[in-house]
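Labels for the chains are A, B and C, by order of writing; each one numbers its residues from 1.
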Amino acid sequence: MSAVTPPISLRASGGLRRRRLVNKLMEGVGWTSALLAVAVLFVVIVSVAVRAWPALSWDFFTKPPALFGQPGGGISSAIVGSLLIVAIATAIALPIGILIAIYLTEFAPRSVARPIQLVLDVLNGLPTIITGIFVFGVVVIDHGQSAYAAGFALSIVMLPLVARAAQETLLLVPSALREGSLALGVSRWRSVVGVILPTTFGGVLTGAILAVARAAGETAPLLFTCSIFNPAVSTDVTHALPNIPVLIFTYSEQPDQALHEQAWGAALVLMMFVLVSSLLAKALLARSRRKLGR
Amino acid sequence: MSAVPTDYSLRSSRRRLGDRIGDVALRGTTLIAALAAVALLGAIVWKVLALAWPSITHYGLSFVTGETWDPVKKVFGALPFIYGTAMSSLIALVIATPLAIAIALWLSELAPGGVRGVVGSLVEMLAAIPSVVLGLWGILVLGPFLANHLEPWLHDKLGFIPLFGEPSPTGTGLFTAGLILTIMVVPIIASICRELFLQVPDELEEGALALGATRWEMVRGVILPSTRTGIAAAIILGLGRALGEAIAVTQVIGGGTMISSNLFAPIDTLASKIAASYQGAGSGLETASLLYLAAILLVIGLLTNLAAQVIVRVFDPLKGAH
Amino acid sequence: MMTDDVTIPVDVAPVEIAQERRTPSPTQRKVVFDIRDLAVTYGPTTAISGVDLEIYGNLITAFIGPSGCGKSTFIRSLNRMNDLVPGAKVDGRVLYHGQDIYGDGVDPVEVRRRIGMVFQRANPFPKSIYDNVAWGPRVLGMKKALDERVEKALTRAALWDEVKDRLKKSALSLSGGQQQRLCIARAIAIEPEVLLLDEPASALDPIATAAIEELMHDLKDQYTIVIVTHNMQQAARVADMTAFFSLQVEEGKRTGILVEYENTDKLFTNPADKRTEDYVTGRFG
């Protein structure tokens, strides 16, 4: 071994020290940004929860809104209305979305699948108030506001979400399973309905929950289709039903403290529903991915 | 021509007739569903344009440049709302883009394993908060805070720039709307960008680091350039969301028809004007004009969406890299 | 410096490229890396342990062994690329010109600048050919006479003639072998002292492989070259010194260990260790 080695430095010096500093700075920006996003989420959740707290009571969930000028009252009619509207929307969007996904993954040639995919993506990005105006034009002008018109509007919001989720899970189905079933001489439709669809149940369910969560909070499509004030609890879907998003929206525009309190309460209910369903969907997704070995 | 001996025929026998019908039926139904989605988009475009048609023929394109919206004098023009839409989206994108990219980089490159998943989920939850809830928070919490603290401070320090004029008394205005839109847009851009950054092959990142680059130099030299079109598409998708958001903006933007250089002044966007005036429209012409606003919004919305989709589908700098 | 007659082991194909093997005597050796009791662990698994060896300047040193024996882990610990693997931990010392590259105050970025690396899969950046080579110098602030620097690096990597007319074209348009030589050009553009090559030809066809081997031979005057290869013939063709890594299984745990480190000719023709002999004669692996 030679005794003399040239002295070299592996330490940061000069230029490198400056570059290191820039690197540290940018890492700091990354940390700060991530922290900021989390902080905003917490501030929103906490400030909604704190303000909603006084409104929450048994009556709040079981009583319809009080008549104008009277104290008390709750949001039971709006909860019922929202549930019905979202149920109608799901009943429309879920089957059609799954059918679209089956067509795109099992039948459509690439040249056909791509434009349809594009249409779905464009539908997904369409301002939802436009959806509301569309349903206003095709249903409400002639038949008046109703829960089913609102459900139809929300189904348009949900459709691309459901279709995309179903499509993604269908693509996860191992081609071995698909081919294996066809190789046994099983006809196409039996293999799709009997073998492929059942394996995608978890993924489709996840997509459906996410779409429901999204639709439940949508307000703009309801303004034109289901926003006539009607405090009573009703399940008549041929009429406008009170619902949570519109209730929050109209109350928030009023200068009345009591109504604000109710709006906060309703906002907490809505937000918790949406966040819990999103988390549930995520957990389900993780589970079904594990099952498919991914 | 020789006849195929029936014994060896590979054609379906009668027994399989049910299967053949099933195949055709499944293919047919799914095709109809797919075509229905296409028809739906067509119907939306057609219906909204048809609803707006009376005012489109009444005003022509001068509606777009009309600066006045006065239901009393029955003069209607879209310019204030186009301005409001453009400015509120611009504020949102200017703040959200660097923030979202930084979050995405943090999530994909920097975050310690333990918190990465949690923070990623939290950012996604931010996107899940219903806009009406965010609007409620904006009008009752964020607005007053801005009116009492941030806006006076900005006016004091930067008042010489006309953008930072008199603070609004209640905290409703263009600036508040821009911030609320920022909150909505950040998670959208961030989650798309995170996926993009994760797709950059590890080999490229290692290649850069092995040349003696710092992590930031690797990000700037390799990750950002190789995902730039995806980032552009993500920003445009965020823009589409900001342009079209009606409810939360209606709640916090204050409602006005005057174009002002002051960011703190109230105004309306296309979407918020429609949402705010849906019930109170007095005359047929006012309703028709609101629908014209909707038609403009539809066209802008379609264009931004198409642009984003086309960018994603056509350009990809990583094309060919493994 | 002396030149031995090349003795080709039985199982090694005749080598076409001109080969000049160096076996400097102990007094002439210039120690570049002095590795002492090196161990690398990933969480609960030990990838390599107890590695002791010296790597000498201006020679090509090859590391061979069965897959999974920790060759890649070893070479990646010479320029601190293992730092990037979550959970990786390095014990022991890697002295580079007498300085521990894992020592206090040592900046891994500086280490990697001085000790360049070329990877198994060619990984050119999605940039132009020119920018691929120029990127490193730009980042490191070597901006003077950049064009000359790029040309020199490409020339040294034996790629200049093939690409000089299309420097602005995307690097991804090159063939696999060209991409790998571009990566070598990219590495030498920042003037490192050592080149670490991690199975640089494993994804290439024989002609491209021969080009890379010839290139290595040309480069050893200026650089200390360390190469990991799963291909014994390749080691026999290019390396002056060869080290054989193997797997030791103890209590169900597999650990990579250094078995033998010798002049290439000796290792292939007259190995001291039975395990080496089994491996180079094809009885194992």
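Here is the rule we use: contacts are C-beta pairs under 8 Å (C-beta built on N, C-alpha and C of every residue); 3 or more make two chains touch, one makes a residue touch a chain.
Quantities reported herein were computed from a predicted structural model and do not represent experimental measurements.
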Could you draw the chains as nodes, link the ones that touch, and say if you get a line, ring, star, complete or other? complete
Given the two chain pairs A-B and B-C, which is bridged by the higher number of C-beta pairs in contact? A-B
Distance between chain A and chain C based on Cα centroids, please, to the nearest Å. 51
Nearest whole angstrom, what separates the Cα centre of chain A from the Cα centre of chain B? 15
Could you give the separation in Å between the centres of chain B and chain C, each centre being the mean of its C-alpha atoms? 49
Hey, what residues on chain C touch two or more of the other chains? 109-110, 114, 139-140
For chain A, give me the residues that contact two or more of the other chains. 19-20
Any chance you could list the residues of chain B touching two or more other chains? 214, 217
Seen from chain A, its contact residues with chain B in the complex are 19-20, 22-23, 26-27, 29-34, 36-38, 40-41, 44, 47-48, 51, 96, 99-100, 102-104, 106-108, 114-116, 118-123, 125-131, 133-134, 136-138, 156, 159-160, 163, 187-190, 192-193, 213-214, 216-220, 223-224, 227, 245, 248-249, 252-253, 260, 263-264, 267, 270-271, 274-275, 278-279, 282
Within the complex, chain A is touched by chain C residues 29-31, 34, 54, 96-99, 101, 103, 105-107, 109-111, 114, 139-141
In the complex with chain C, residue positions of chain A that touch it: 1-2, 5-6, 8-13, 15-16, 19-20
Residue numbers on chain B that touch chain C, as the complex places them: 113, 201, 203-204, 206-214, 217, 221-222, 225-226, 317-322
Chain B touches which residues of chain C in the complex? 79, 81, 84, 86, 109-110, 112-114, 116-117, 119, 121, 123-127, 135-136, 139-140, 170, 172-173, 183, 186-187, 190
